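Look for subunit A in each of the two complexes below; its partner is subunit B in the first and subunit C in the second.
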Partner chain A sequence: MTARPTIERIDAYPTRTIGGFSVRAGRPLPFGATPVPGGVNFSVYSNNATAMTLVLYRAGESEPMAELPFPDSYVIGGVYSMTVFDLDVEDIEYGYRAYGPFDPERGHRFDPSVVLADPYARLMSDASTGPRRSRVALDDFDWEDDRPLRLPHEDLVIYELHARGFTKDPSSGVSAPGTYAGLIEKIPYLRELGVNCVELLPIFEFDENDNPRSHPVTGEPLSNYWGYNTVAYFAPKASYASTGRYGMQADEFKNLVKHLHKAGIEVILDVVFNHTAEGNEHGPTISFKGLDNATYYMLTPDGHYYNFSGTGNTLNCNNPVVRGFVLDCLRYWASEYHIDGFRFDLAAILGRGPDGSLLWNPPLLESLAYDPVLRDCKLIAEAWDAAGLYQVGSFPNYCRWSEWNGRYRDTVRRFVKGDTGVAGDLATRMVGSPDLYAQRGTSATINFVLCHDGFTLNDLVSYNEKHNYANGEDNRDGDNNNQSWNCGHEGPTDDPEVLALRGRQMRNVLMILLASQGVPMILAGDEVGRTQQGNNNAYCHDGPMTWFDWDLVGRNADLLRFVRKAIRFRQAHPVLRRGPASAVSWHGVRPWTADWSEGCRVLAGMFDAGADDCVYVAANSHWEGHSLELPAPPAGTVWHVFADTAAPTPLDAHEPGAEPPLQDQSRVDVGPRSVVVLVAHGAAGAGGQAEQRDNGKEE
Partner chain B sequence: MAFKAKMRIEGSTATVRLEGELDGRSAPELNELVVRAADQRVERLVLLLEDLSYMSSAGIRSLVFAHQKMPEETEILLVGTRPDVAETIRLTGFDRSIVMRETLEA
Partner chain C sequence: MRLSTEVRGDVTVIALEGSLDSRTAPQAQQEIEALFPEEGLVLLDLSGTTYMSSAGLRVLLLIYRRSQNGGARLALTGVPEEVHDIMAATGFLDFFTVAGSVEDGVKALTV
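Here is the complex of A and B:
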């Protein structure tokens, strides 16, 4: 059979001229600016606009080069679409003027004097080099055979990091600090650490200058470093790309994802669909507000903005149009960028209806749970909002959504600092919080003790109070309830006893986290004791306070070594990841007799899935040591010592699989404020030839 | 400066000398030459870039296009890539199977 010559498509020809450009009626779908044969198809919708104009700029220029009103015949329903021919896509930026009523009481805020960003813009120009405008993206990246990794959710060890802050400090030594490309150079570090998933703080285009405050001492303007104020949901942040000046941020970010996948590391994005960068009626008009305010935002009956997010506005996520927008966006990131999952900021808002009321079956959450494109994506909810709705354990999950487990964080913090009355709750938290997630398996809970929002681990054990004066709000911002303890001195000290205790407390937190059923999340830098000098709300500091200081990798090598081993130990023991909770028995000073009384500070759990996979974890938050009688290990095995946070390094953690046997098999000493982890191996098991040590301590 | 591209095929090597600005408007011309070279089943594609005054991201994309048009084992050699362009190629990962050299002889 011979190949037939292909005929050029009819829709590749212009039919008329508008604003000096050859055009024809466009295709309504897909929305956004899409390269087509001979030109670019522009499509934008608004249910309340009366007219629309496409505004074209030469890249970087302040005045438009052309304005192209959409003729009536180019409008279908509320969708305006036009194909414009002979555009050099690399050299143009675009936006829209939307015409319609300015009638805030009815929710309308049309303002044709503003050129609006395209909500579907797949590329935005870098605001540090010119106006921040929508651009046309080319999607010709060479993915080779890459695809999302689909690691079992319960096997993840998540590492929460800031794509810029991770390498921006000069100590990172990378060739392009603070960029996606710079992060690629640190993949060997992540591999050695052992994490298999990175969760990136927002990388959708946002306004880093959106902060009216300045530093109270230096007077320098503060920034919006974290990026929870999205400007363009389809566009990777341009200033995080070393190649942003070439408009190649999409390629650079895809290259990062590809390299992470090659290293066996999944990529989860922190996404912010609860609000936008447009604020309330005093905020700027950037995109949604001018395109269709009444559709995109939750409004009071008299047209004011509901503020469930604490930032001025609330995206109207369960409006069918907005729901479609969110779905389009996530499908795009999953398919075009091979993203493995999403963490939803203030996700409780996504379960609210247009009037803010709580929905029993929120259409958006259901759509995301059952979407075929997103089927293998991890969906993680921050299950609360800024208006007091707290849904940890009750978030509409469709057996699909996981949650940031805030109760896990609070309980571990309280136990480790020595509070009484929490041993029982700690036991529940360590087996996947079945009180909250019964019958859903261990992947339902994302266990964390620290995250970007709050103290770092080092600061959790170094400060009783937050120290947020540098944020320009007289220390009023940030959480007051930190459940932290400074170990006897507020802030930096040379006191060796205080420092030793802090080192132990950090290991206690990390060991409990990595020996709990459920998915652990580690805040980047905690493995090397990163500090923010007691600032627990550092959203506004783009500098040494928030950047990863790579000198710590050498200075705190002992802590890093401990964490690496603890992660490897977790990966070697399925019972710590998958459960079931019923495989865990509880013990105390006497085996099979846990002490659940109010004053108890000692808890021991045996995670027993049989001879090859049995782990005993003893946690003591008392300031005195205790000797615990041990339950018998599975037949044919003896107890070996994996970790003892009271032991001097390097005896605080041993090589998984080569742990030394415990000399006295009947009992184990757990030092003051410390955690001991034992593992069962055959009598002549992996560690059989290792030096005999009593409880891992030096003889 | 106007864009010019001349291709010479000798044995199993196609050599393309580029002049002027390689951008979104001129890239299709290079792409056509790449298609012709691929039809000739060359084993090596050499792009001489010393006389190129500018290369935009569309130019860099032409290199991806070349890589995808040619059989996997084809060697693609860039000669005289300007440092900023070479850096961009590297940072966006397009250097995976492209070799960059200062001179043809090096």
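Here is the complex of A and C:
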């Protein structure tokens, strides 16, 4: 039981008293507040500050308990560091007063009347229990043998979810709704669905009340639910933790990651390095603005904020100091939280220089691509920004960065709703978009049709127009170009024909997505037909409109069953995940004769990697059915039917590996607005056994 | 924070009373370790704890890790509901055998 005695450090003793606290010169590295023997080491940097004061609070109290100016001898370069002894790390909060010029024209906005949050704060207090302030984290979580999973990128099926909204609705039935702990209770659902990666909307501490608008009908204040307004980049969102009021959000989030990893599910974080929660000159001073405004933000020559993010400010990502900050941050999440990857919001901004110009070799993106700590992390760019820079297919990638493929989204939407002239483009999208990502394999493209930003899948097939009145901007906000079709009626209906068509259209979208080369991403809830009542910009609603309604799991069990099977089918067929694109041949009403003409709405692709792995996907967006002559399957095999979105459930999708054989091997009927998927199996293969095993029953 | 011990068969029962937080944790840890048998079975009875902070939970995990290295076996009983919820949410609970009563704890350790 007795541990070997360790040699005591000689710097574990104070050398003087400041502000009533025993202190000594601190260590500049690491930045932030770090527990050390006998005390806490505080380190903060600013190249333009002239002086700095550490401000200490007892947790939750409005007034400081001490202010400790950094003596000159505690400053190395622009780094101020001090070790303070005898602090109760659980009961203190801290911040800094930074002194320097207030000279906006030169970019400086120092204001020592404001106590600033530490940009490196690893914990922030839960704003529901008092002021939101920096706290000290212990970072001693017991991971046992866990580590990032390192699943092959091209094998991922990504599921984009909101860590609070996924379980906040009472229908979730979890013990702590809306929290990291609550999400753990839904891991069996994710496993059964078959996804192997969750992409979490922002979980860095943000200000959920950052919204000046109120609901036009109820008058209630609107929120910032999505969380794309980061306050503290090293701190997990406290209010998403059931233990946030005890300051244990870091442990709770790490425990979530550990449990997801045990279930074989990777964790990707949506990170927002293009802007901060501080807005422009009219926004609040929280941290960066008061610490070193001219360094952290892109400023015009006369000191105004560039606004490439559409939110008021733009983080100066390719400034060497800020670049170091971003790298420190991501290294921390990868090493301390075992995060498997990052999705970068408005990542095109990360390729801009301090004056906003486009860099051909952006040092930040290059650093992240080659960093050893991040080597196995997936790096995914939202390759555009709010100032019109659109880099899908041209984002600086270093053979490392993947992209949200906006072209994929637009093309699938247009094809499925019946636009003409899209069949050729759809073929390109379904083989990993080689026009955009030649030579880069199938992991370069993140294929998606829906994401948090826009319609849900149900709403894509239920609304022609956005319905955003509840957002308080007279329906002006949100994208007008949705490429959606309501199937004959705007919004909810009980017309069985419209409902049947919508069910088919949803299956068509999901089947094309899951049968495309490239990494598919599914928006949480789309597998059960979640609706936002036509709202395509629901960032400001923290309520039933945006929360996952778990009653849908029962109500739309047929759709869920279809998606589960389609994911399992994808995982059973490497040719759908890894390519190559050259394994795919194109067909039409006649085999080996694809119709690329303007008016064509029928496309069939044979993904052929040999007898064990050959899949034929036929998509018909025409309102009439078509009979397609089939290419011959690989020698020794016959075609079996995996999916037919026109067939009544449960015949719309069969158990992968146990599909029934196709009666007429020479042709297949593809119904109006339908997708059919065939798979080659040995003549006496899975099919015969499958029919016996299935016996008309599914699951 | 007060500690008391009692031997039940092969099991040393250590009862904690009072608040286990960052102020009391270092001392509590030392004292618990002093009461720990070199090898053997230990039941920590938390029914008398009035408050358990993050630092208190860390003491429990530290003791668990030390006991593992030393060849002792450890179980908990009398875990207050709120503490139980925190331990569940943060994964601390996964490391421990938790019994509903001292008797059950003794039984769990001696089976």
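What we mean here is this: the second predicted complex is superposed on the first by the 681 of 699 C-alpha atoms of A that agree within 3 Å, B and C clash if a C-alpha of one lies under 4 Å from a C-alpha of the other, contacts with A are read in each partner's own complex, and residues count from 1 in each chain.
The definition used in the following text is that contacts are C-beta pairs under 8 Å (C-beta built on N, C-alpha and C of every residue); 3 or more make two chains touch, one makes a residue touch a chain.
All values reported here derive from a predicted model rather than from experimental measurement.
Q: Using the superposition on subunit A, decide if subunit B and subunit C clash or fit.
A: clash
Q: I'd like to know which partner A:Asp146 touches here: subunit B for first, subunit C for second, both or neither.
A: Neither partner.
Q: Determine, under the contact definition given at the top, whether A:Ala181 touches first (subunit B), second (subunit C), both, or neither.
A: both
Q: Just checking: does A:Asn255 make contact with subunit B only, subunit C only, both, or neither of them? Give me first, second, both or neither.
A: A:Asn255 sits against subunit B and subunit C alike.
Q: After the superposition on A, what does A:Asp91 contact: first (subunit B), second (subunit C), both or neither?
A: both
Q: Need the overlap of the two footprints on subunit A, from subunit B and from subunit C, as residue ranges.
A: Shared contact residues on subunit A (touching subunit B in one complex, subunit C in the other): 88-91, 138, 140-142, 176, 179, 181, 242-243, 246-248, 251-252, 254-255, 258-259.
Q: Quick one: in the complex, what on subunit C touches subunit A?
A: 21-23, 33, 36-38, 53-55, 57-58, 61, 65-67, 70, 72, 85-86, 88-92, 95
Q: Give the list of subunit B residues in touch with subunit A in this complex.
A: 23-25, 56-58, 60-61, 64-65, 67-68, 87-88, 91-94, 96
Q: If we count contacts the way the header does, which residues on subunit A are in touch with subunit C in the complex?
A: Residues of subunit A touching subunit C: 1-3, 88-91, 138, 140-142, 175-176, 179-181, 241-243, 246-248, 251-252, 254-255, 258-259.
Q: List the residues on subunit A that touch subunit B in their complex, please.
A: These residues of subunit A touch subunit B: 88-91, 138, 140-142, 144, 176, 179, 181, 242-243, 246-248, 251-252, 254-255, 258-259.
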